[in-house]
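Accompanying notes for the structure given below.
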Amino acid sequence: MADPRFFQRAGPFALAELAKAIGAETGPGVDPDYRVEDVSPLDTAQPGQISFLDNRKYVEAFRASRAGACVVGPDDADKAPKGMNLLILREPYVGYAKIAQMFYPSTIPSPGVHPRAWVEPTAVLGEGCRVAAGAVIGANAQLGKRCDIQANAVIGDGVTMGDDCVIGPNATVTHAVLGSKVIIYPGAQIGQDGFGFAIGSSGFVKVPQLGRVIIHDDVEIGANSTVDRGAGPDTVIGTGCRIDNLVQVAHNVQLGAGCVLVSQSGVSGSTVLGNYVQVGGQVGITGHLKIGDGAKITGKSGIMRDVPPGATYAGIPGRPAKEHWRIVAAAERLAKKGEV
Amino acid sequence: MADPRFFQRAGPFALAELAKAIGAETGPGVDPDYRVEDVSPLDTAQPGQISFLDNRKYVEAFRASRAGACVVGPDDADKAPKGMNLLILREPYVGYAKIAQMFYPSTIPSPGVHPRAWVEPTAVLGEGCRVAAGAVIGANAQLGKRCDIQANAVIGDGVTMGDDCVIGPNATVTHAVLGSKVIIYPGAQIGQDGFGFAIGSSGFVKVPQLGRVIIHDDVEIGANSTVDRGAGPDTVIGTGCRIDNLVQVAHNVQLGAGCVLVSQSGVSGSTVLGNYVQVGGQVGITGHLKIGDGAKITGKSGIMRDVPPGATYAGIPGRPAKEHWRIVAAAERLAKKGEV
Amino acid sequence: MADPRFFQRAGPFALAELAKAIGAETGPGVDPDYRVEDVSPLDTAQPGQISFLDNRKYVEAFRASRAGACVVGPDDADKAPKGMNLLILREPYVGYAKIAQMFYPSTIPSPGVHPRAWVEPTAVLGEGCRVAAGAVIGANAQLGKRCDIQANAVIGDGVTMGDDCVIGPNATVTHAVLGSKVIIYPGAQIGQDGFGFAIGSSGFVKVPQLGRVIIHDDVEIGANSTVDRGAGPDTVIGTGCRIDNLVQVAHNVQLGAGCVLVSQSGVSGSTVLGNYVQVGGQVGITGHLKIGDGAKITGKSGIMRDVPPGATYAGIPGRPAKEHWRIVAAAERLAKKGEV
């Protein structure tokens, strides 16, 4: 059970209600009125709780589980212990996620502007917004409905966002246009100047950064990540992107829809990622490249050339993963020979 | 045109005024009174706007550009389309940067201390400073003229800074002495304890960190970067250094003048960089090293030994770049042979 | 001498008092009443100041030092210059650290809640706490004695901490249970959602993150580091861990006691580190691994498999360090041969 100091549980829900919400079929002998109190992992679940099986590694835990109900794929339903109420779904983890959202909805505790927040008079807040203590909202900012601006967050002048956005504590958003359902995690810094200067004979000269950050709907940007605004063109984060913690996105970068950038990765200026690109942890991608749709970059790689759509790249310098691992294996063999 | 929600344009300026400001010669047939309204890239520029050509890759865009005026190098002036007003300068990108600064000056919107800022009574603020909502300035801090302490920034006790410094939202500066024209980007943390502890038989013992951070004039430190104060000696950032986002500078590090540290690079304790060293993205440099003047470290390298002045180093472990690439090529050939 | 704008010195102390405090023996001819005014490095120390010798590289500096007193190991005592007052201890750096703590104690300047702080009425603060300007403490938070919540820090609802904790400026702590003597550095973000989503045919679905961050006693977490809360289980940081700046600790990670994570390293979800594991700078460790007690991972490595207790691993992919360096050496030789 989640710690009640931090999480407020909703429910209970009847099993039939959960099944309908996630679009699952009910297994044989399921009681549609079975009352579900909470979610729980297979190994700690109790009667009255719902769990899920998504990975064959956990089939034994599934067989032994005391969970009162479980979301499971059609091929695994026959392995259930006797008396378990099954919800059958092709994507059981997705189903579990939706059920967990029902039990632990991300509600705004108490809408309104905290007396210790500062909202410029020209800012416009939609219905149901919260502005927490210490948060600052600049002139002419426009927030949609139910946005949650958390403690000590800073929203710059003129920033606009759609509905249901969350800006975490100590995060900053300036020079940016956000869609709906955008979550900016604590400490993330969005919209500052990119790393732009002209190198002259008498030193560096700052180049004014005149673009913006455009963030489409349903994007998450992790804690302490940084997204610089464009230098002239905009920096663009496509719909549904998931950016982890401590990630750097430089000026003029464009991410297509559904890209995933794992922690501590970085994308240099003006590089363009297609849709559904996956970038592993601590990857670096240099500037002015094109990374094709659906490409995957394995963790710690350093990408210095364009990556074609669908390709998996690895290594420093990055290359097709198979080539990379062939080189690693060849070097291993060579070292072993050297020992003889 | 830059989004007027975020950027306030100055001007217009007569062409002669711009030429004088950047020290350019005017091309043949230029109208000194030609009125310039804005800056713009070559491909989107219109009559009344000024652009620049700095890279031969864009000569075709230059030939086709509708820009009313353009900053260009002496060798490219003859490629201009008919009727374009030219400003001729050896470093056209530098000239453009200066003109863009004229159109989009970084002014402080409204000097003064916001009613929601907190400034300790013993702090001294120079003329024209702004302290934004939620910013906190500690006891005995001393700020020069026209410093801009942005929302929720924290300036620790005793910190001093020169004129025209900008401390971004949610940034912290403690135990530090800053020159003039220093820009600390949002979320950067300057002056905290270094990673200093003695390892004893009964655990770690914290070693008080008794140094400072000294930042010389005209330095920029990027978003969410961290600069630890010295352990006894100081941590020093030389004049004109440019530090990108998410960079780590450990205690006692010294950077000479004009060093460039690209995003997510890190310099370990007590390492000394000379002047004009360039450190690529995600580079790591171990502690107690000397990196000579003008050295270049390519992205993702791991430097474990001193680097001589002027050298280019690459790889993990870092070595002269030519050697590194020779090794990479040899491993590639070996893997190909293995396939046969 | 430390800059008095930033550091308040205590003392002076009689040498006998210092010797007793660190458990050192006094050398031959020591004056127990010798009055020590400050700490200082060997090369700049003056009469009336105490230094230390911990590294044979500095024996010459020791011989030449003008320090009035010095903490030194038993084997080096005979190299002292004439008239230097010696404190003899097996772990001289530990002894020095403790003495430096006596001269520069980390006291809370002025306990109490600043008028510009916001503390929810249901929060409970122990005796002697400070809550600085702009700090925000949520509902039902519980702080032990002498906790120092610095400017613009944010403590979430329900967070509990023991005694003598320090939460730095612009840091955030939510969904967390902290022991005593925990130091969270500026800008660190603790307790946010992990990177958890289910990948379905119609996009990503957020998986509620229902665990906490448990931080045991005497832990330090560096500036702008990020520690995500657990997804269901907790994220756990063991007693005495030292985490440097810009480090990522993902959801469900467990660190044993006394682990050291150097700057810009990252540990992916559900990986378990034993006790006293040392992780070098910019290391990446993938998810769901076990790293044994006392293992060492050298800087910049990428660990993709379990590491046995006591082992030293290096390289990408990480392997026993000896194997790694053998491969590096073999590739070097190959490249040299290629030149011939």
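Here the chain labels run A, B and C in written order, and each chain numbers its own residues starting at 1.
Just so we're on the same page, a contact is a pair of C-beta atoms (placed from the backbone, for glycine too) under 8 Å apart; a residue touches a chain by one contact, two chains touch by 3 or more.
From a predicted model like this one, the values you see are computed outputs, not experimental measurements.
Engineer: Name, by label, each chain that touches both members of the pair chain A and chain B.
Structural biologist: In this structure, the chains that contact chain B and also chain A are C.
Engineer: Please tell me whether the contact surfaces of chain A and chain C are same or different in residue numbering, using the over-half criterion.
Structural biologist: different
Engineer: Between chain A and chain C, what is the gap in Å from one C-alpha centre to the other?
Structural biologist: Here the centre of chain C sits 29 Å away from the centre of chain A.
Engineer: By the touch rule stated above, which residues of chain B touch at least two different other chains?
Structural biologist: Where chain B meets two or more other chains at a single residue, that happens at 134, 152, 170, 187, 224, 246, 264, 282, 316, 331, 334.
Engineer: Over in the complex, which chain B residues touch chain A? Could you list them?
Structural biologist: Contact set of chain B toward chain A: 2-3, 5-7, 39-41, 91, 93-94, 96-98, 100-101, 103-104, 106, 109, 114, 116, 132-134, 150-152, 168-170, 185-187, 218, 220, 222-224, 240, 242, 244-246, 258, 262-264, 281-282, 299-300, 316, 328, 331-332, 334-335, 337-339.
Engineer: Under the touch definition given earlier, write down the residues of chain C that touch chain A in their complex.
Structural biologist: 118, 134, 136, 138, 140, 152, 154, 156-158, 160, 170-172, 174-175, 187, 189, 192-193, 195, 197-201, 203-208, 210-212, 224-226, 228, 232-233, 246, 248, 250, 264, 266, 268, 282, 284, 286, 302, 316-317, 323, 326-327, 329-331, 333-334
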